[in-house]
Amino acid sequence: MIGNLPTVLAQGGVDWISFDIGRLVDQFWYNTVNGLAYGSIYSLVAVGYTLVYGVLKLINFAHSEVFIVGAFGAYFTFQFLGYESGGIAQAPLVETIVNLILALAVAMICSGLVALTLERVAYRPLRRKKAPRLVFLITAVGASFAIQQAIMLWRNPNPELAIQLIAPRPLFEVFGVSVTNIQLTVFLAALVLLLIADSFINRTRLGRGIRAVAQDPDTATLMGVNKERVIMLTFIIGGLLAGAAALFYIMQIPQGVVYNGGFLLGIKAFTAAVLGGIGNLRGALLGGFLLGVFENYGQSLLGGQWRDVVAFVVLIVILMFRPTGILGESLGKARV
Amino acid sequence: MTLLEISDVSVHYGRIRALSGLSLTVEEGEVVTLIGANGAGKTTTMRTVSGLLPVTSGSITFEGDDITRLRADLRVVRGICQSPEGRAIFPGMTVQENLDMGCYTRKDRAAIAEDYERVFSLFPRLEERRTQVGGTMSGGEQQMLALGRALMARPRLLLLDEPSMGLAPQFIQQIFRIITEINEQGTTVLLVEQNAQQALSRAHRAYILDAGEITRTGTGAELLADPSIKDAYLGVG
Amino acid sequence: MSKNGRLRILAVAATASLTLAGCAQGGNEEPAEGGAATNDSAAAAPDAPTDAVLPAGDGTGECEDGVSIAYIGTIAGQNAALGVAILNGVRLAVEEHNEANAGCQVTLKEFDTEGSPDRASGVVTQAINDDSILGVVGLPFSGESDAAGQSFHEAGLVTISPSATDPALSQNGWDTFFRGLGNDAQQGPAAATFIGEDLGAESVCVVNDDSSYGIGLAREVREALGDAVVCTEEVKTNQREFSAVVGTIEASGPDAVFYAGYYTEAAPFAQQLFARGLQTTLVAPDGVRDDQFVQNAVGAAEGVYLTCPCVPADGFGDFFDAFTELAGTEPSTYSAEGYDATTVLLRALDEGLSTREEVLEYVRDYDAPGLTKHFKWDEDGELTDTPVWVYQVEDGEIVRDREIG
Amino acid sequence: MSAHHFRSGTATKVPFGQRIRDWWNGLSRFHQWAIIIPVVVLVYLMPFLNFFPITTEPGTDFELALFNTARIVLIAIGLNVVVGQAGLLDLGYVGFFAIGAYVAALMTSRDSALYAEYPWLLVVVVGIAVTMVSGVIIGTPTLRLRGDYLAIVTLGFGEIVRLLADNIPALRGNVGFRNLERPPGEWSDGTRIFTQGDGIPWYWLTVTAIIAVLILVGNLERSRVGRAWVAIREDEDAAEIMGVPTFRFKVWAFVIGAAIGGLSGVLYAGQLGFVNNARFDVVTSVLFLAAVILGGSGNKVGVILGAIVIAYTPERFQVVSEYRYLIFGLALIVLMIFRPQGLLGARQRLLARGRQAYKRLVGKPEPVSTESPMKDSGKGTGA
């Protein structure tokens, strides 16, 4: 009976959502540390969304697949290097580091190539035809599906058997929270890559070309900037960083090499880009770290099942009330 | 010699014809101005010369070479530089970076340094504000920056689209003085202007554009004296 | 460090299991030596009961031409591994039967539901409309069984599910529903007893995923554990990052963690749980009992206990060998249960029964041992004999530990 | 005679879809009916055309396959109002479908605390009403956004609807609701007309709903509302300047689309008799969208065609079913490159009635650069 409605809702009220502020406070630093380590992956992937959006005003929906191809690239490099699945490798440290760098290179190249191919095969013909923006978005959705399914048919729907080069172990404590060797490596490496990308965009001639196209494509052309080359470059940079993110991801979560492993992560990285201000490289960086920690705070506060809801609510609220994000839209308009 | 020759060029936006069989020439060292009402096709002409718009028929030659199908960014390398309508500086870049964009295609470092000197001597204001972000400057300053940026390309042919638009009268005077100065230093200028009075008085030659076609041509002085031109384009004030 | 802690518990458990082993199987057991995965410290795998009814029967089956049974369940969907493990058991049973019984050649029809409730309804209707089908092995998952049960009931077509464990399935009044294994209401309390008594854990965290299986099983375990539950958490299907959940567990410092869900999420969960040096014992149910879990947890699976209402198949020598030959892999979770369920239907056909009604009646009154257990159902379609076993991961292998319920 | 010459002379230039349309519009009303009626009769008789190569058996029941196809057709028509007519890219449409299904579940399943013996028609009405209200609730804040921003926000809302179904115990997550009530009625022998197993009554019911919805939506399109939608789709800024209350009409499109999605959800839940959170994910949403885009958004015949392709093909070809998303993905890319307007695009129609509507509303000719019904204003966000 409809008369039951208040009872149902009241019962639900007690049951399905509760605010555990004590837990939020207790685990604040714990969540911060973990959120930053995981958020660095969001940041790296978010850069790809942000750069392409800045230059083409296109949400490259297929960027999550650019990411996951990188993960497969790194995984097969591990295999090629002779690591066995389903255990922790016991190689000497130097060898491990060399192998990780090799895998990083392969992952970055794989992702970069996929991003570039997407640009050439799917998007460039549309630009030639001056297609409306939504046609680009639909193409991107199509490409995302096609790549995912191709991987699934090639491998299978199950995750690849995990390979872990470095066993996680706590290194030291901050605010009473232990930080593992993997978390520290990933965080620092991601930060270095992001800083390199940032100075490339802000300090080099090619980077200036990218920003010019983002701010005013026609005028950039009138200054002699080759727009097509700039677009290629942005896809490549985004791809390279996504590839790096993929390696860092499977270092933290070796079970993540699976055909649809990029999908949710991609949406969240996009959320991070929007949160920081889409089109803004430093915004992507900031947004990634923020989303990483917000997600964990939300989960502590509300319970594990609300984790993804927190991410989506952040996305919606930001888009509705401050669509330009924290640092403002566009590579240029933010005062970088 | 003839620097730029546009012969019988037609341009379409979708199904609408914006230029029909337009022909004009610009000789080396000249200031040539293009006068016309709103929607006559002035900006279209400029964008066509720069390569932003493809031609449907006709040809464009620059220094005797056919550049009709040449990519826009490569035309900049050839020495055609446009300062587009509405200033169009990069709002998120500093003054310095905007000027750097001007010499984006150049590799001759020594000459670039010279050109910085030249731009800063023409616009001392820009030197003071090197680190200011473009979007935060006043309209006049932005126009100076746009001009300065165009000069940094050290163009053979400078295309100026409405450089006086929206400016206070004292700035307008200054802008036109600088255009003359640039021309005297050896840069050929093709100028599109609403302010026909000023433009005609500074130009060696002028073309009148109406509905995508050239209707009159002559020296600046000739057209300035023509009563019918006066009625149509010089207005009352 | 953490490994030592877990190993210590393992040693204690192993001693306990030795004493338990004796009573687990009554008198008819003999430690299987030299078998594939024999483990001295664990309870011996049950041998095939000497009186077990096998698909071949006595070779005198007589039935009409063209009678068939069906396997309905996932074959190529996302949880396909589970479906195929069952299907191969079914195929083996039918093959053995047809070889032995010249007078009764039964056709096996296979239907792929992709494991999803809305695909299932069309496929099930198709099976129902095929009059030659007299009995069904399926459906493997609780969700699709829920969606399709009513149709079978209306059509009077008997189904024996080899793996759906949601207790509610037998409470719908569907008289065609039979379950070939213990449900979560049996596994849950058994697991809780194991955690509380055998492991001696005084504080337990219960984590479940968002599947109906995970939620239902976690509820059973929580209820049986009572006050020992110190924290509860929920994770999502396809979630791979568990730091916040692990943080909550770490803060509670439980003696044991029960994870109710499937191996896909359990593997990264286990890995991240132990990555920070947390000392606790992880116990997980049948949905995690798969080699995929062991491999994907990269080392963290070692020492994990797995409960399952499935009976170890390695003692069933002939079945084990024949299955391995047919499928190219060793029997997996519920392969033997699928084989047994098929056997029940084949016996019915060998009797010459030729209508669905007769077959249904036959199954309802069935009372005979199979490989895995004794098959006799109550009026709801639940087995009266529902063994639950616990297994443990040891040196990267899932080995049987003891029977717990 | 001369007209005939003219037509054959230009046949090589006029697109196929346009030729069909010209031919159709050239027919007298009587002739049109003479074609429509047999086609409709044929559609109703489809369950009896159960033979090779049309049949989906032995893989799956043909009549239920027909029902599922009809259900997707209904959804595509609803989504077409939002995407095709008003040009609002909605990636969360599955949310409305889910809401419809859940209303049916909450009202008619004994698992629900709200269960009572409601007449089934009331369930339909409540289902539609609730989805319309949710359309307003979701649409009001989001429809101020434009283009791809709107797409992403709707995607977020779609996911939130699913996650709420997962997280709120009263909605029973993955466990779901069982034994949903079906429409009343008995055959002469006393058995129920609407059962889970018999697809024919469900198919007929859905086809009837489709025809009713087509008539309603067709009338809307020809009305002031429809003209406003075209104007918004083509140039929202211009429409707004000319005094079209664009926001209100966008919400209307959203709400009407939602209602049709809700209706489809109620039918789906009724036939299946079971509702849980498994089928309301982004993938399903994109599948719906693919139906609309594939057929040609804005063109009703086109989207019906697209939906049939998307729903029937996997049922027909069990073997292909694992390749279907790959094929969709590639088809979307190729289609967007070669035919951004879909198989049967709305573009040509725009040149006739749409252009007049646009002129009347906006007072200026439609922008010549319009190549697609989904033209974007170029701005990310509105006010």
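Points to keep in mind about this one:
In order of appearance the chains are A, B, C and D, and numbering begins at 1 in each one.
The rule we apply is simple: a contact is a pair of C-beta atoms (placed from the backbone, for glycine too) under 8 Å apart; a residue touches a chain by one contact, two chains touch by 3 or more.
A quick map from chain label to UniProt name: A, D = Branched-chain amino acid transport system permease protein; B = Branched-chain amino acid transport system ATP-binding protein; C = Branched-chain amino acid transport system substrate-binding protein.
Nothing here was measured: the structure is a model prediction, and the numbers come from that model.
Chains that touch both chain C and chain D are the following: A.
Relative to the centroid of every protein C-alpha atom shown, the closest chain centre, again from C-alpha atoms, is found for A. Of the two chain pairs shown, A-B and A-C, the one joined by more C-beta contacts is A-C. Put simply, the C-alpha centre of chain B and that of chain D have 52 angstrom between them. In whole angstrom, the spacing between the mean C-alpha positions of chain A and chain B is 44.
Our note on geometry: chain A versus chain C, Cα centroid distance of 38 Å, whole angstroms. Centroids built from CA atoms put chain D at 33 Å from chain A. Counting partners per residue, chain C has 210, 236 as the residues that reach two or more other chains.
Of all residues in chain A, those that touch two or more other chains are 305, 308. Shared interface positions of chain B, defined as residues touching 2 or more other chains, are absent. Per the touch definition, chain B reaches chain A in the complex via residues 50-52, 71-74, 76-77, 81-84, 88-93, 97, 100-102, 104-105, 133, 135, 149, 153. Across the complex, chain B is touched by residues 205, 208-209, 211-212, 215-216, 218-227, 330-336 of chain A. Touching chain C in their complex are the following residues of chain D: 57-61, 63-65, 68, 166, 173-176, 178-179, 195-199, 268, 271-274, 276, 278-279, 315, 318, 321-322.
Residues of chain C touching chain D in their complex: 76, 112, 114, 116-119, 121-126, 128-130, 143, 146-147, 150-151, 154-155, 166, 168, 172, 210-212, 215-216, 236. Those residues of chain A whose C-beta lies close enough to touch chain D in the complex are 1-2, 4-5, 7-9, 11-12, 15-17, 57-59, 121-122, 125-126, 129-135, 137-139, 141-150, 153, 263, 267, 270, 274, 305-306, 308-309, 312-313, 315-316, 319-320, 323-324, 329.
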